[in-house]
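For reference, the structures are reproduced in the following blocks.
You will see subunit A twice below: alongside subunit B first, and alongside subunit C after that.
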Partner chain A sequence: MAKVAWPEKGDRKILGSRIPRQDGPPKVTGTAKYSYDINRPDMLWGKLVTSPNAHAELISVDTSVAAAIPGVKAVWVDEELVGDELRYVGQVIACVAADTEEAAIEGAEKVKLQLKALEHQVADDDVALSSGRPSNKEQGNLDEGFAGADVVVEGEYGIAVITHCCLEPHGQVTEVKDGELHVWPSTQNVSRYANQFGDEIEIPQNKIHVDTQYMGGGFGSKFNIDKWGIIGAKLSQETGRPVKIMLDRKEELMIAGNRPSGFAKIKVGLQKDGLISAVDAEVWGSGGQGAFRAPPIPYVFTKVPNTRLVGKGIRTNRGGVRAWRAPNHPQGALLTMSAVDDAAAALGMDSLEFFMKNAALTDRPEVYREELQIAANIIGYRQKAHARGDSGSGPVKRGLGISMHTWGGRGHPSECDVTINSDGSVEAKIGSQDLGTGTRTCIAMVIAETLGLPYEAVTVHLGRNSYPQSGASGGSTTIGGISVSARRAATDALNDLLKTVAGRLGTTDDKLEASAGRIHQIEKAGGGVSWREACSMLGPNSITKRGINNPGESQQEGLISAGVGGVQIADVSVDVETGIVTMNEMVAVQDCGLIVNMKLAESQVYGALIMGITYALYEESIYDSKTGIMLNPDMEFYRLAGIKDVGDLKVHMMTGKGYDDRGIIGIGEPPAISPGAAISNAVANACGVRVPSLPLTPERVIAALQKGGDIA
Partner chain B sequence: MNPFEYVAPSDLREASSLLGSRWGQTEVLAGGTDLVTSLKQGITKPKRLVSLKNIPELKRIQVKKNTVRIGAMVTLRDLAANATIQEEFPALVTAIDGIGSSQIINAGTVAGDLCQRPRCWYFRNGFGLLAEDNGDSLVRTGDNRYHAIFGNDGRALFVNASSLAPALIALQAEISIVGAAGREREINAGDLFQAPNNGEDREVALRANEIVSEIKLPRENMQNASYEVRHRHGLDWPYATASVALKIRSGIAREASVVLGHVAPTPWPAVAASNLLNGARVDASLAEAVGEAAARGAKPLSGNAYKVQMVKTAVKRALLAAANA
Partner chain C sequence: MSTNHNSSDESGVSRRGFLKGMGVGTVSTGVLSNASLHEARAAEPGVKGPGDTAIVLKINGKNKQLNIEPRVTLLDALRNRLDLTGPKKVCDRGTCGACTVLVDGDPMYACSLLAVEAQGREITTVEGLGTPEKMNAVQEAFIDRDAQQCGFCTPGFVTACSAFVRDNPNASVDEVKNGLGGNLCRCGTYAGMVLAASDAAKEKGSA
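Let's turn to the complex of A and B:
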């Protein structure tokens, strides 16, 4: 009888190994079809008509010229917006569907909007612009906390709005055929996509077919069907033809995702032993039209006895907020870790020593201390470390910076069917999605491990809502969810097979197990019958079992859990004569419980480091106050790091006792949290002054150096 | 993108005759790395594109005794790979490397680099080259972090985007131009550029039907180098660049020329810096002083004072690199 519990270390054949992702070859060779690549016979192209104003009254929409353009087949207009206010540049007003992309673009340009401009507000960095009632959270007694402090340091810090900048923009292809809707969306949420059409179209959910085999990045911005999803379905219904609507780069950067900014004035009190006694933070920022949630400060150091956090939101006429890898944590980390590191420097305390000491104020002191030691060893901290600003006389200064982070990452509800066929073939069906993280590969590994088969023996079908439902891929919840549902299904299916085989071999199923492609007496590998022979005993039948992950139960059984800690150390060079910051090296030490695929887990961390270096050094959504437009909705001045910009990246995953035995935990969010903070601290260590706001562009570095009197 | 007619004549004179007499009616297509994007963005809506790809003489590099003659359609890759250029004109090689994008270096041409349009984000977002709204400059009151710190008294506040121009000007290059009826003229490289003061002119001092045909680079044994302050290794625009060309005899600088890039609507000769350099002994402290001299007179806008520091550094480093070459 096979058990659901994860095998012990010595018994794992596939789990934890470094199997390359299944989607690698099809992506490299171009056979992988993303939503953008889906082309249906007789398909129309849809192009959006969006608001050119940051704030205006929409008086009327005239589609007559657009509709008369050769090739234009339909124009959809959001009639509810007419007479109402437009609140940001890029807000979707209408859509033109045409035979060709060119005609659709021309049509969209020819839709006439009559607008009455209203006052707009796009700045998000000035606390004076905040409105509404501030949030307030207090713990302990602030006055006592500062009175008992030996060093009190106050500073201002900030982190800009960035966008998700998915390489595959948002959008979908829709087709209505025989009263049924087929959708190929770029989504993180296959199972819960169809229901979002609600009453917008008169097609029942059981006639909506969602298919996402490959998708080019979401990072939290692709959970929703979005207005363009509904428009696509309506235009398909109206025209009877498939319609492709994919955002262009400009739209993608303006309206498809914003990570809110965070600016803060923070006062930190330290005892002379370096322990944080008080943190007082006033934080403000915005991500557009939505409500502002203050990022957690002090971040990670939840046991600081005396704290206050005041949050003030700024409403801007910019596109709305969407979840970005570990919502609010990168902001919390940057603001907290900068402030406490400045306090440590003022005390004259080494940063590593400081973080080791203050690990006591976190929820997992042992994990952080162990990770800090490992990270310090990998980067050679003790050989390279120096006091802040004490970095030699040449123009290029080198420095180190540390940050720590945490995340939950418990597996989401998930269901998976596993089928064992009488010819020995095995397949899984699951309504999950592979965002490029390796979900397919991991499901196949879990099932192969369970059935004692080689990894290649398992075929995984995912990305369709006709398969058993599985959660949205967000919050690092996928790996826990899909691993458990696949494991349970495979275990149940195997146990059915063992029963059949036991009858034929004249034994009982509790005496049998599967390993190395055979079914045999327990601990008698190599005996018994081959997998193929065993399956042939099913005769004309196959076995299909459904596995269900109920997160609470699975956590109790130790299959999954939540709560990780990670440490990152950055090594940077700052050219103080040009303000250019260069990455030398970055080390990430991360735990995520039991690791399904070591290579893919590490890949998640590498990707997070690259994304993190990007928002630390380059990336920023820049708006023009007067015109209200985004000035850099392109890949030219919306700067992303290239491979030569990221330096030497080193990843160390925590494994073994105390980690493996916690079950599976997600990895997508945590490593994306600390890069900004670690890099900002490294820059301060290198050049002796804090560059208060990310991204650490040369103009900000030079301004900070000039303010500090280091250059004229 | 608007529909347009496409022609690819095999003769330069014919090419010129196919160009309109007013800017914007027609456009010259060389490598297309800037023009095609501009067409898509609606920055320009010509009725006709005149491709130069079928004119063989524009693709030649001729190394003569006293000059190197570089055809307008020579790709940046081919120029950087030329042995004489590598040997004698490292300032150009650095400038080409600095473009960062293999695609642009492979497809982009020498004359295309000189004639590319500015990257000003107001211009690229459709507010016109001078980026004015009811006579007010959007740049002055707006986000001008990437705009001009020199030559910004007039209406043009963008920076010239050419990578090669500062080095070519420092190296005293001349530019051949072919216009209507095949009329040829030759100008100093620096005279190719202008800061337009009205909505009609462009940032190149050409007539709309003129075509850059060739660059003549004198082989004067000048020591030369460029330094670019750039953030990313891949495709990125420099914040500021400097090119320096000079002769050094017994430690003393002669015939020196310092030209800045990405700091003004045109490539910007740093005359005071060149004067300070000429006749002086080249060492680290002189390099510092020359950098300071180059930055003097800068008039930063509200958000680009940081560029002054970059100019000092770029000049200092370019000079020291040229002196050590």
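Let's turn to the complex of A and C:
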């Protein structure tokens, strides 16, 4: 493969521009076919039967009544579970397949489960419920750190379990036909989906065809095939008919992804100049049935000299955790930024000044200082700022809050084929997926930039496992991965074309380049031959080249990088009589290296802000300790922010020297990290007391106000 | 958004008849048995079901004949029987607006209307508002302002927004926010939507 680089600023024709997404027209007209929308001829509907108990022994499953319902064609039961324990409400036990969705639902309701209730535990906020050996991480000397501090502040903070609530639920359509398996899953992981069938079905991987053209949200919860993926294949094998299984909303909210909670007791020591000298944190929370990993505390301020982090996991009888946009970072940010902001308030130091000062304790001080400055200017910080609680005499108090965050975002391994055809058309094939982030559009842009063509000239095929393998879309790794593999493939394909053209024009390929739809002598734009003429010289032979992103090599070459910084400032109003928090304004300043599409990058940040406002103010997966069930598995009571709830949002992307030259870095996760912390700090600034736990519901705000300013 | 129930006479599903059927079933067996339903039907000749019933729906200007059970929602009839999958199933209980269609021009949640109730009414789905080749002003504005990400809420928003700007040309930002309050998005595309709706409303107002 030829050596590649990104064009310098003045030479970029397409990279960094605000081209509208290619997937726009099919989405706004309803013609985009999502996995949920795939209707196959003679298709059956599968409806899951799940555990009604948080913890029980499954004694027997009686499917006789269900099987007799008109339209029901098959019932699959997890026989291995019979006689075993069920560990959470919603655990999948069986599945009924029927001619219609209505009959499948009716059938599932008629499957009789004989259960013996066992003791359950669904609470996740009490450290006394933790079990197993705590994790422990120390640096420096805590005693010395606190001894040298001028102010020591201790507080308790928390962030509840939330669920991904993808609008398209998890699930898939599966069709086993002539010994081959076709599956249309809602997945973030097209290339590494088929291998997850493992030994569950006797169909070799090369006969498993995965197709995901459009999917309705994943946010980290859709990497796995899941039990319903296996069941779909088994039911299709058994019946000889396609089977659609999509979770219903209740199942989606209970079993298809939870973000772990995080609660902490944190002691912060500050020197009188505001510099953090010590942080001692004990953190607990739950990953449901899975292991608990302590979120990073102190977050971002990794150079605090004296720290201790003790993590204690609580096992609960609740659906399992899944990665949620920047796993563990939103928790780390909320817990850290609340505690240090409380310490700053106790010292009587302005928050902006405090964060500026402590940027010295981060990995990228200059970036954070620049971003803090810009964010402060955009929101008018200095005009609006006031000391904590010094917010006038009326019932509605206004305040500002700051948070900072970081994320990796290095491009994943990716392979891409680029084909140049003799009719001038250009196609890319890549086993990636477009979650709505604009992956298709960005691939087309990179290839078009490389070939000197308008981006509409490139057709991108993705979402199939028959295409070259590309990584799962998680951890903000996609944009770096796909951009490099596409760039390398397009560069090599172009070099081949230049060789052909050079022969015809009586020159050598090293003297030619492609720009503005022509192949011409270097720096003689407008001369030479048109792209179409050039391609016609290929005759019947197309050129196909494969580009590969090897993350380590690409990072060394400066094509991609990892590690970004971001700053957010929230401006809120708190009605101290009702406890209602209202978003006035929120600013995000974010870097992500070289930006491929400015419009789409900004959309990621706007989206992350809104998702962050949602978990800051509304989202919480609420379980009843007595019955062990989730009390709000629906969209009335598991609330998402509406269009009126988010206030005025402003996004500023860092570009230019020091940013563009780092190469491409992912953007999906980082801006989703800080909103909870920034909003919590703004509420504290407004009403004078810390509302310790997210979401900042009216009930919690009122309770904190009644308790008074114990912390600050 | 409200659901108009005035058509119950035409559809044959009246609330009174439904409750009566339930009552008989509960007393006799604890479940809604066929026998009790037949009894209810005998008492109320207009009642249809529980088996398939022939209906005609006028969707995007074309009449569609269907044989469906009366319990099938308009949303499931569109998606599962007619392969009109623009309207999406998300909450399935009238909260999120992803299934929004126009019924006699008014935006309604298709998950909260039975297909049999929609007979004799003009139903417009997102597919009837424009095509990728010929989009309406709202659809174009949604693309221009990047008011979609995963796009699963988008058809519902586009449909609700199309009715809103038709009725509210020159709407202010606050009016747009109120007008689109019946729909929810998870990816967080509201910033673009407010701008898109305002653009489209302006275009309507000046047209």
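The rule we apply is simple: the second predicted complex is superposed on the first by the 705 of 712 C-alpha atoms of A that agree within 3 Å, B and C clash if a C-alpha of one lies under 4 Å from a C-alpha of the other, contacts with A are read in each partner's own complex, and residues count from 1 in each chain.
Definition applied: a contact is a pair of C-beta atoms (placed from the backbone, for glycine too) under 8 Å apart; a residue touches a chain by one contact, two chains touch by 3 or more.
All values derive from a computational prediction rather than experimental measurement.
With both structures placed on the common chain, the touch criterion links A:702 to subunit B but leaves subunit C unconnected.
In the superposed model, A:642 makes contact with both subunit B and subunit C. In the superposed model, A:622 makes contact with subunit B only, not with subunit C.
In the superposition on chain A, A:578 contacts subunit B only, with no contact to subunit C.
If you count the residues of subunit A touched by subunit B and by subunit C, you find the higher number for C. Within the superposed three-chain model, A:102 lies in touch with subunit B and with subunit C [touch as defined at top]. Residue contacts after overlaying the shared chain place A:611 against subunit C, while subunit B stays out of touching range. When the shared chain is aligned, subunit C comes close enough to touch A:31, but subunit B does not. Residue contacts after overlaying the shared chain place A:631 against subunit B, while subunit C stays out of touching range.
When both complexes are aligned on chain A by C-alpha atoms, subunit A residues 102, 634, 636, 641-642, 644 touch subunit B in the first and subunit C in the second.
On subunit A, the positions that touch subunit C within their shared complex are 20-21, 23-34, 36-37, 39, 45, 100-102, 165-169, 214-217, 219, 248-249, 435-437, 599-600, 602-603, 606-611, 614, 634-636, 640-644, 646, 649.
Remark: subunit A residues 102, 105, 395, 577-580, 617-618, 622, 624-627, 629, 631-632, 634, 636-637, 639, 641-642, 644-645, 697-699, 702-703, 706, 711 touch subunit B in the complex.
Residues 69, 71-72, 76, 79-80, 83-93, 95-96, 98, 125-127, 129-132, 135, 138-139, 142-144, 146, 148-155, 158, 176-178, 180-181, 183-194 of subunit C are the ones touching subunit A in the complex.
Those residues of subunit B that touch subunit A in the shared complex are 1, 119, 121-122, 124-125, 127, 133, 138, 141-143, 145-146, 229-237, 239, 303-304, 306, 309-310, 312-314, 316.
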